[in-house]
Amino acid sequence: MLEFSFWDILSNLLLAARWTVLLSVIAFVAGGLAGLLVLMARVAPVPPLQRLAKLYIELFQGTPLLMQLFIVFFALPLVGIETSPWTAAALALTLFTSAYLAEIWRGCVEAVPKGQWEASASLAMGFSEQMRWVVLPQALRIAVPPTVGFSVQVVKGTAVTSIIGFVEITKAGTMITNATFQPFLVYGLVGLLYFALCYPLSLSAKALERKLNVAR
Amino acid sequence: NGGLMATAHADALERITKDKVLRVAVPQDFPPFGSVGTDMKPVGYDIDTAALLAKEMGAKVELVPVTSANRVPYLTTGKVDLIISSLGKNAEREKVIDFSVAYAPFFNGVFGPDSVKAETVADLDGKTVGVTRGSVEDIELSKLVSDKVNVRRYEDNNGTISAFLSGQVELVATGNVVAAAIMERKPPRLPNLKFLVKNSPCFIGLGKDEGPLLEKVNAILTKAKTDGSLAAIAEKWLHAPLPKDL
Amino acid sequence: MAYRFDFTSLWDYAPVLVHGVATTVGLTVAGTVLGVGIGIAGAAARNSASRPLRLAVGAYVELIRNTPFLVQLFFIFFGLPSLGIRMPEWAAAVLAMVVNLGAYSTEIIRAGIDATPKGQVEAGASLGMTGPQIFRYIILGPAMGKIWPALSSQIVIVMLGSSVCSQIAAEELSFAANFIQSRNFRPFEVYFAATALYLALAVLTRWILARLGDRLFLKGAARA
Amino acid sequence: MSLVKLSGIRKSFGSVEVLKGVDMTVREGEVVAMIGRSGSGKSTLLRSVNGLERIDAGVIEVDGECVDPGQIDLRALRLKVGMVFQQFNLFPHLSAGENVMLALKVVKRMGKADTRAAAEQALARVGLGHKFDAYPSQLSGGQQQRVAIARSLAMQPKVLLCDEITSALDPELVNEVLSVVRKLAEEGMTLILVTHEMRFAREVCDQLVFMHGGRIIEQGPPVALFDRPSTPELAQFVGMVEAR
Amino acid sequence: MSLVKLSGIRKSFGSVEVLKGVDMTVREGEVVAMIGRSGSGKSTLLRSVNGLERIDAGVIEVDGECVDPGQIDLRALRLKVGMVFQQFNLFPHLSAGENVMLALKVVKRMGKADTRAAAEQALARVGLGHKFDAYPSQLSGGQQQRVAIARSLAMQPKVLLCDEITSALDPELVNEVLSVVRKLAEEGMTLILVTHEMRFAREVCDQLVFMHGGRIIEQGPPVALFDRPSTPELAQFVGMVEAR
């Protein structure tokens, strides 16, 4: 029968980590773009849009990522939308990420003084021009640390995609556990791998925050 | 949209022949039917069966690893053409999917280490038994046991087996061959047979109203039974000949 | 549309869903009470004079905050038995939630404590109060009041995160959903219903926590 | 010829009516100072004139551009009306020059070279031609306020609104800003100022407007108003200010 | 009989020596005012007396309780020494009465009824018997400072330290606090005050202590010191203060 050496376990986990990283990057980029749209809707001076964006945020912050995944994966196809584990994982993570990022960024936009909106309005700029040229550049600066901090949640969120069969670190871990009967070792390694991915992000978020506080 | 789906469903065989790809849901946590090697690729009885079918259909096989709990939704949501995943037949499932003829033997049983005594269903009272949610064992065991039995239902066989091996459950309900395959790997806790629950051979699952595909699959299986190719798979993975009555 | 929705089939399984909701609520309440307790102790420890203790708590916080809850859960339930530590799935679920929330609330509460004016501590000291007394009677209340909104959000996140406890057969709400789905093969209806229930639980939890926060911490401070 | 014409302007915040029907006319090239007690509605009126506050009733007419409460797009109005704020409100992430150029670029869509030339000219007009590349944080309050004026001027508004633009400045910096405003007045710019600098108002303005309780209750040439107030409210206000 | 005795107190922050060997004696019932330039070490000395600053050398003796730099438990000292701060430092989440009762309950472990009675009495002593249930945020600065005094008094300290307790108050509120201190002095409380209220110091104090550069360089009855300062530093300080 086949035998997994320590090196087999580690290398398989490391290979699976590629997918964790890739999925995180996709979720973060797509979630960031979607989040930007939700943010725009959330702060635009159009009440129905604001309410819609608020509902979106409430919905995706108020339900488990796992359920979102299940719905995207098993339920959407029933209404004719095909989803592979890849698209389901990417889609659910994007929705999840965008809702949180939109909310984080809204805080940053609101931290930009009202006078900046008024000054740009009095120069005849429209909403999108104000956003693009005046507000976002200022909000961006303060948004960097919490955004980097949130990326840790995205990386960790990818673990849940293992449940729909997406083979990333956690799924690889369960599979290897089952072949090796060494859960302590395998899940320990899995945890360490995530730590290795996330801790640098956490550290840089903290460092960025310190830098921002000094600059103020 | 509905029309699109309908055609996709009704003519799975047509699509398979056209694309030359057969998408099959297989287990990766259920030795000897399907488990992973050091390269993380699924191997086992079900995988070989899938390959056999694909070869006969002149298609390339695309293996989709699934769990016991989600394999039926994989089929009903059109993510795969066939389930070859040690799938047992029961009335509830027959409402949503169709079944081929049997392709593998399977005896459900309750297994556990020597230290735990259990000779009949009644002996299970007060004990914890792990089972994979939505599997035939789950459905059969749920029918048999009393409220006093603590049945723990795990998402997939990985969970069930891990729970047994780590001692989180005293006993495990699974297939005899599965228990044998686990024993072969010399685990920390041995799943010895306590008693058998049901003879529940495995069938291939297909979408409803896939008449042409069903006929094709049945034809291939029948041929494989007579020409010995299925028997070879059984020898290889179960270390036993194919039962005559399958 | 090709798919016909049928929520009526859910009725037969209503008791399963109710049981799931009750378990989720139970897990959340236990996880919250104990987790916030750990958070308070952890925050106190991070402010303590003992360097090893501070480092140990710091390591705990970072380790937990930088690994997924699901992996923590698997480690506790499947991994710890190798060391002879074995517990039923509900206990493992609660433990994982406590350990997880404990780390986050340690960090959140510590931020509240750091925001306590130094004069408050000095006033307590000059009245002859000991360090622990000052922490308990002077620092903690206002600090908790300040961070209560952040802590509430974290509690909701942990409640939603408890959905993955279905993976170790803890019979909470998403277990119920998966269970029903494996019997009636109607994933859309089941997951839709479960998601709606989670949403309701999240809204309810937030509401209750806001009321609770007003009750516990709004004294004096908010009347400013 | 009247350049700005306000008729029957009303505005409430919640249940409090802050403007209770204001009529006012400003001719081209005229310099108008608005005075009045704190809370009398001066800022609200000024902010209404370029649409920062939405009015509840009345009509605002600037250089033929009419705005009533139903109006949604205020761009045309704002292109005619510039505004300078008490708190400067420069864009901190842009240099002085970029502050001035931004609206020229994104609103007027002027070419690169033209934008630059216009910005340099506007900054030169407020005496800050040499500070083109300085960031707001590197400028004194007085300099920041002058950049803000240049920023508005560059858009070539028909009328410039100034709301207590020296109130946030240290006393020694007030004059550098006032002298810029004085120069604008001399060059024929139409100005509406809210100010507490009575001496300045008296010297520079053509007309004085006294607001009280959301209404204009006196208006006329500054000397006449200051020396012979016809309402007790203005008399009291003048007395109060001079007693300072 | 001396109640407070400081000998050779030294204290550095980093490499800066702030107290350079201070000796001082306060008899029971005496009222001592400490004056001196900003940064001369007054607060640091006062804070050392109840252990908020750890001294580097010297001995603090209060009512027979000795404290030296090696001491770890400062409770016994603090039970004898009360302190009132410039910023009041009331506990915002507790009502006035609870502010006073807290230490009685958790430090003195008094019974419920006794605690309540003592707190009511202490609040009455500062004229705030009717504010028992008010929260700090509902009180004026002067009232808050009086609650802070009551909070210290309730612990029945042997000596009360007050560090510029009127400096954070609006001028009209200063007197209500000073009159409470005056009353305490008349009742025989031992007080050490840091203050800039020279008139008050002159009227109420038995002894004046002038600190300069981390040392006490003059001390004696206020009238003598104010009128005939013997060091140029005190002369300058007195002149400076009176010129205000």
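All chains are identified by letter, namely A, B, C, D and E, in their written order; residue positions are counted from 1 within each chain.
Here is the rule we use: a contact is a pair of C-beta atoms (placed from the backbone, for glycine too) under 8 Å apart; a residue touches a chain by one contact, two chains touch by 3 or more.
Since the model is a prediction, treat every value here as computed from it, not as a measurement.
With steps allowed only between chains in touch, the distance from subunit A over to subunit E comes to 2. Shared contact partners of subunit B and subunit C are A. Steps from subunit C to subunit E, minimised over paths through touching chains, total 1. The angle needed to superpose subunit D on subunit E by their Cα atoms is 170 degrees, rounded to the nearest 5. The mean-CA centres of subunit D and subunit E are about 54 angstrom from one another, to the nearest whole unit. Mean C-alpha position of subunit C lies 54 Å from that of subunit D. Look at where the CA atoms of subunit A average out and do the same for subunit B: the two points lie 36 Å apart. Centre to centre, using the average C-alpha position, subunit A and subunit C are separated by 20 Å. Of all residues in subunit A, those that touch two or more other chains are 74, 78-80, 163, 174, 177, 183.
Annotation for subunit D: no residues touch two or more other chains. Residues of subunit C in contact with at least two other chains: 1-2, 78-79, 81-82, 166-167, 181, 187.
Taken together, the touching pairs give a contact graph of some other shape, not a line, ring, star or complete one. Chain pairs that touch one another, listed by label: A-B, A-C, A-D, B-C, C-E. Residues of subunit C that touch subunit E in their complex: 117, 119-120, 122-130, 133, 137-138, 141-142, 145, 217, 219-221, 223-224.
Residues of subunit D touching subunit A in their complex: 50-52, 74-75, 78-79, 81-83, 85, 87, 89-93, 102-103, 106-107, 148, 151-152, 155. In the complex of the two chains, the subunit A residues touching subunit D come out as 113, 115-116, 118-126, 129, 132-134, 137-138, 141.
In the complex of the two chains, the subunit C residues touching subunit A come out as 1-3, 62-63, 65-72, 74-75, 78-83, 156, 160-164, 166-167, 174, 177, 181, 187-188, 191-192, 194-195, 198-199, 202-203. The touching residues of subunit A, when paired with subunit B in their complex, are 1-4, 8, 12, 15-16, 74, 77-80, 82-84, 163-165, 167, 172, 174-179, 181, 183.
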